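The structures come next, written out as structure tokens.
Each of the next two complexes has chain A plus one more chain, namely chain B in the first and chain C in the second.
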Partner chain A sequence: MKRALTALWLLFLASIPLWLTDLYALHVLIMTGIFIIAAMSLNLLLGYTGQLSLGHVAFFGIGAYASSLVSLGFEVHLLPNWLVSLEPKPVWFAMLCGVVLAGLSGWVIGRISFKVRGAYFVIVTVSFAEVVRLIALNWVELTQGPMALNNIPALRLAIPGVVELAFLRKPANYWLTLIVAVLCYVLIRRLVHSRAGRAMVALRENEALATSVGIDVTHYLVLATVVSAAMAGAAGVLYAHYVRIVDPDVFLFIYTVTMVIMVISGGKGTQAGPIVGGLIFGLLPDLLRAAAIKPEIQWVIYGVLMILIVHFLPEGIVPAARRWWQGRVPTAVIP
Partner chain B sequence: MSGGIALVVEGLTLRFGGLTAVDNISFEVREGEVLSLIGPNGAGKTSAFNAITGYIEPARGEIRYRGARLTGLKASAIAARGVVRTFQKTSIFAGQTVHDNVAIGRHLHSRQRTLAIVAGLSSVAREEAQLTREVGDILHFVGLTSRADTVAASLPYGELRLLEVAIALAAKPTLLLLDEPVSGMNPVETASFMKLLGAIRARGITVLLVEHDMKMVMGASDRIICLNQGRIIASGTPDHIQGHPEVVRAYLGSKYVMSSPPP
Partner chain C sequence: MDQLLQHALNALILGGTYALLGIGLTLIFGIMRVVNFTHGELYSFGAYMMFFCVMAIDVNFFVALALAVLAGIALGAILEIALLRRLKGTDIDTTMLVMIGAWIALQNLEQFTWSGVAKSIDTPFPSSPLVLGPVSVSWNRLFVFAVAAALIAGSYALITLTKLGKAMRATFQDRETALLMGVDIDFIHTATFALGSGLAAAAGALLGPVFVVYPTMGDLASLKAFAVVILGGLGSIPGATVGGFILAFMEELGAAYVSSGFRDGMGFLLIIAILLVRPTGLFAQKERIG
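Up next, the complex of A and B:
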């Protein structure tokens, strides 16, 4: 029953490009999907380990830049007479590099902040994001700075002589995003329903008690940070090869805030939360625009809706909906 | 197993700034016994617990368990050697169900590797099923079976304290340190807790107990060590401690000390 529902739901999502002819709408869906992946990755940290990464966009940006640079190739003088150069590499390989590099930077952040929790973890992540943004802005030789990286190639997959796929058009990019999102969802699902996920929740709920039963809390915080960063990096990679231009604005703080809004409003610590929150706050600006509401009013509605959700459903939409559903259906088990 | 020395505390000294909370104390816990630490508030009992389980670093002294040094190890590594504690202030994973609380406690005895989890291997699923059964056994042992699906935060106080013990037991301790497990319990709950303590003992688990409830201490302990102001002032069997003049002085003041021998 549950499996059938999941399959139906996936089939529906996969069928969208077949009947949705409005290409702009498809673009909005792709961007929303990319943001949902980023929000899911943030949820692994914020919702399960309880640590707020307010620099999460850094991992997104690192993924985007790394993948773009590897696929475009670059020449950099690390020292006046030491030139490092890289020939352009296939896009699928560049994408892997982007994910791995984002994961590695997550590992560094996890190690650096191995003893900091709460507010201090927030500060470390915010600072990290700002440093990375400044590098992207000022290391012009590598990143082109504000001139942006242009003409980033789209993904091409080919088995010589058998099939060649080019992810140039929107439907292909939509499916690619959907596949990555489903992969991330399954990965997070496996993690949180395991020993590792229990250890993360234990860190969130009661660190001293978790330690007392032998959980190496730091290890699991680092693990969560690495997985989370790699997934945010994957979102950045998708973004880079879909939009095909990357500038330092991908590191803007507002993107982190958007991810946090999606996670908190949807329900942190639930798997469906970031998806629901991501759909609402990803699609809302364009729905309002489509309704021809004045721009000033659009943002007022956005803000008011956010405040209403946080005020009336402080745990988020998904937990509230779940409780409402359980209250409606009389539970069979009566002790 | 009984008879041998399980835990050795040698010359343990703990300082917080200028305050010496524990001053050069030494004692041993034998395999299979229930040893109680008693003493007025601030005597250093919980501090000694924190040092043994790796939550604070001693200024001086050494702690060994079954021959291996514990001093300097991380708290989680000490738990991995079978030395597991509970906390004075009720300490649970409040937002999780009773079942999940105990499942978290099983952490050390689960073999899942991260890669196996991510790959979704069937060994992980098998182990999860096994875990559910083991958690059921532990809940049955402490008498919380009917509460398995209750969110821990909504348990009544007495059951919360049982849950804490269940979490600690899930880690399969060989030495269990209980920090005031019956404080705040009513006499009926205390009596049933003493029965549970007997059952824990019967499983061969050595118990180090900090407790203020004298009925419990006198009834459950093999030996008692009395601390006052960071020093050991008396140790011995419950009978010996009950009449010890230093203990009476520490708890009640010197005018209650019966002059002995009576005139």
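Up next, the complex of A and C:
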């Protein structure tokens, strides 16, 4: 029954480009999907290990930049007389590089920043994102700085002589995003239901107790950060090859805030939370725009909503809705 | 050598305002356990109040400065009573999220009200700089430094000498015991947040006329204040003061001798480095402030 429902949902989501003819609406859905992937990755850290990373956009941006640069090729002087150059590589390979590099930077950040917790951890992650943004802005030889990386190729998959797929149009990009999102969802599901996931929840609930029963806290925190960073990188990779232009603004703190709002409002620590929150806050800007509300006011509404949600729905929409549903159907059998 | 002297002088003057920002933030964190993401907004609020008073309704420059600080204190008190009071006792992440929400709302209200175009503020100071041998400094910056130094000394006196300051220190050391001794914790929290906000607004009102005023000017100020506070150790006023000057020197020398593009990055590198080597900050005094 449950399995059939899931399949039905997936069929519905996959069928959207077939009947939705408004290309702008499809674009909004693709961008929402990309942000949902990023929000799911943040949820792994924030919801399951309890660490608030406010530098998450750094991994998104690193994925986007790495993938773009590998697919475009680059020439850069690492030292005044040491030129490193890279020929353009196929896009699928570049995408893989983007994900791996984002995961690697997650490992580095995890190793160095899990010496501290709480407020200090938050500030380290913010600083990290800001340093990466400044590098993207100032290392003009590599990143073109504020001139942005242009003409990033779209993904092409080909088996010579048999089939060639070019992800140039919106429906193809929509399906690509959907596939990656489902993969990430399944991966997170497997992870949090495994031994590692239970260890993460244990250390979220009580770190001292978790350590005392022999859980290697730093090991699991770093593991969560690497997976989370790689997924955020995958979202960035999708973004880069869909929008096909990347500038240092992808590192803006406001995108981290958007991800955090999505996770918190939907319900941190639940699998459906980031999806619900992501749909609301991914589609809300366009609804507000349709109502002719200026972007500044839209952000004011975001800010106020965030305060209201923390005050009135501190656990998020999904847990609140679940409790309301269970209260309504008292005879429901607990599975 | 002359160049180095000039950089050192610039850093000294910049450091005063960084210290001002840092002291406000460190007080709020130390006493209330709140990571105040609206701190930078209070900074730009002070600058905009200055702009409004001087350029729009033509108030005297020095009166405008006082008005801007008072407006900052008032806004801080309102924020604390409206948002933080009912969240007392919740974990640090919750208040942090609320402060991020307030920050986004305030910043975009500012952008909506004043538009994103940078504004400049006229000053009554002579435009020719004061030349002291090999170095020179503008009168305006000298004034900024003098006021900042006076405010730092004033806050220090408030914390160490007055009854309110004593109550603040008691709250910092042990909230429950302070409560048992009859300290009105709600009032202390409001006063602390208002004082910290007033100091941030003062920094904005002082630097607004030196640079230009724009809605996102507070973001960097916030992050720099965090750097200063982490450098000095959370909750330490002398630490924040020294931290402000260290950050200013790092930035000034970094911009001069490394690359001007990474000027603002210095603070973040400093944060990361400090937390790796000495996570409690240079002047950690876990149990006391002042």
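Details
Assume the second predicted complex is superposed on the first by the 311 of 335 C-alpha atoms of A that agree within 3 Å, B and C clash if a C-alpha of one lies under 4 Å from a C-alpha of the other, contacts with A are read in each partner's own complex, and residues count from 1 in each chain.
To be clear about the criterion, a contact is a pair of C-beta atoms (placed from the backbone, for glycine too) under 8 Å apart; a residue touches a chain by one contact, two chains touch by 3 or more.
Since we're looking at a predicted model, the values are computed, not measured.
Of the two partner chains, neither chain B nor chain C is touched by A:6.
Of the two partner chains placed by superposition, only chain B is touched by A:208; chain C is not.
Contacts of A:304 after superposition on the shared chain: chain C is touched, whereas chain B is not. When the shared chain is aligned, chain C comes close enough to touch A:296, but chain B does not. Counted by residues of chain A touched, the larger count belongs to C, out of chain B and chain C.
Contacts of A:187 after superposition on the shared chain: chain B is touched, whereas chain C is not.
In the overlay built on the shared chain, the residue A:217 is in contact with chain B alone; chain C does not reach it. Of the two partner chains placed around the shared chain by superposition, chain C is the only one that A:314 touches, whereas chain B remains out of contact. Of the two partner chains placed by the overlay, neither chain B nor chain C lies in contact with A:15.
According to the touch criterion, chain A has no shared surface contacted by chain B in one complex and chain C in the other.
Chain contact summary for the complex, chain B toward chain A: residues 53, 55, 74-77, 79-80, 84-87, 91-96, 100, 103-105, 107-108, 110, 112, 114, 117-118, 120, 124, 128, 146, 149, 167-168, 170-171.
Across the interface of their complex, chain A is touched by residues 29, 35, 83, 86-87, 92-94, 96-98, 100-109, 111-112, 219, 223, 226-227, 230, 234, 259, 261-262, 264-265, 267-269, 271-272, 275-276, 279 of chain C.
Chain A meets chain C in the complex at residues 52, 112-113, 115-116, 118-120, 122-124, 126-128, 130-131, 134-135, 137-138, 253-254, 257, 260, 264, 294, 296-297, 299-300, 302-307, 310-311, 314. The part of chain A that touches chain B in the complex is made up of residues 186-187, 190-191, 193-196, 198-199, 201-202, 205-206, 208-217, 223, 333, 335.
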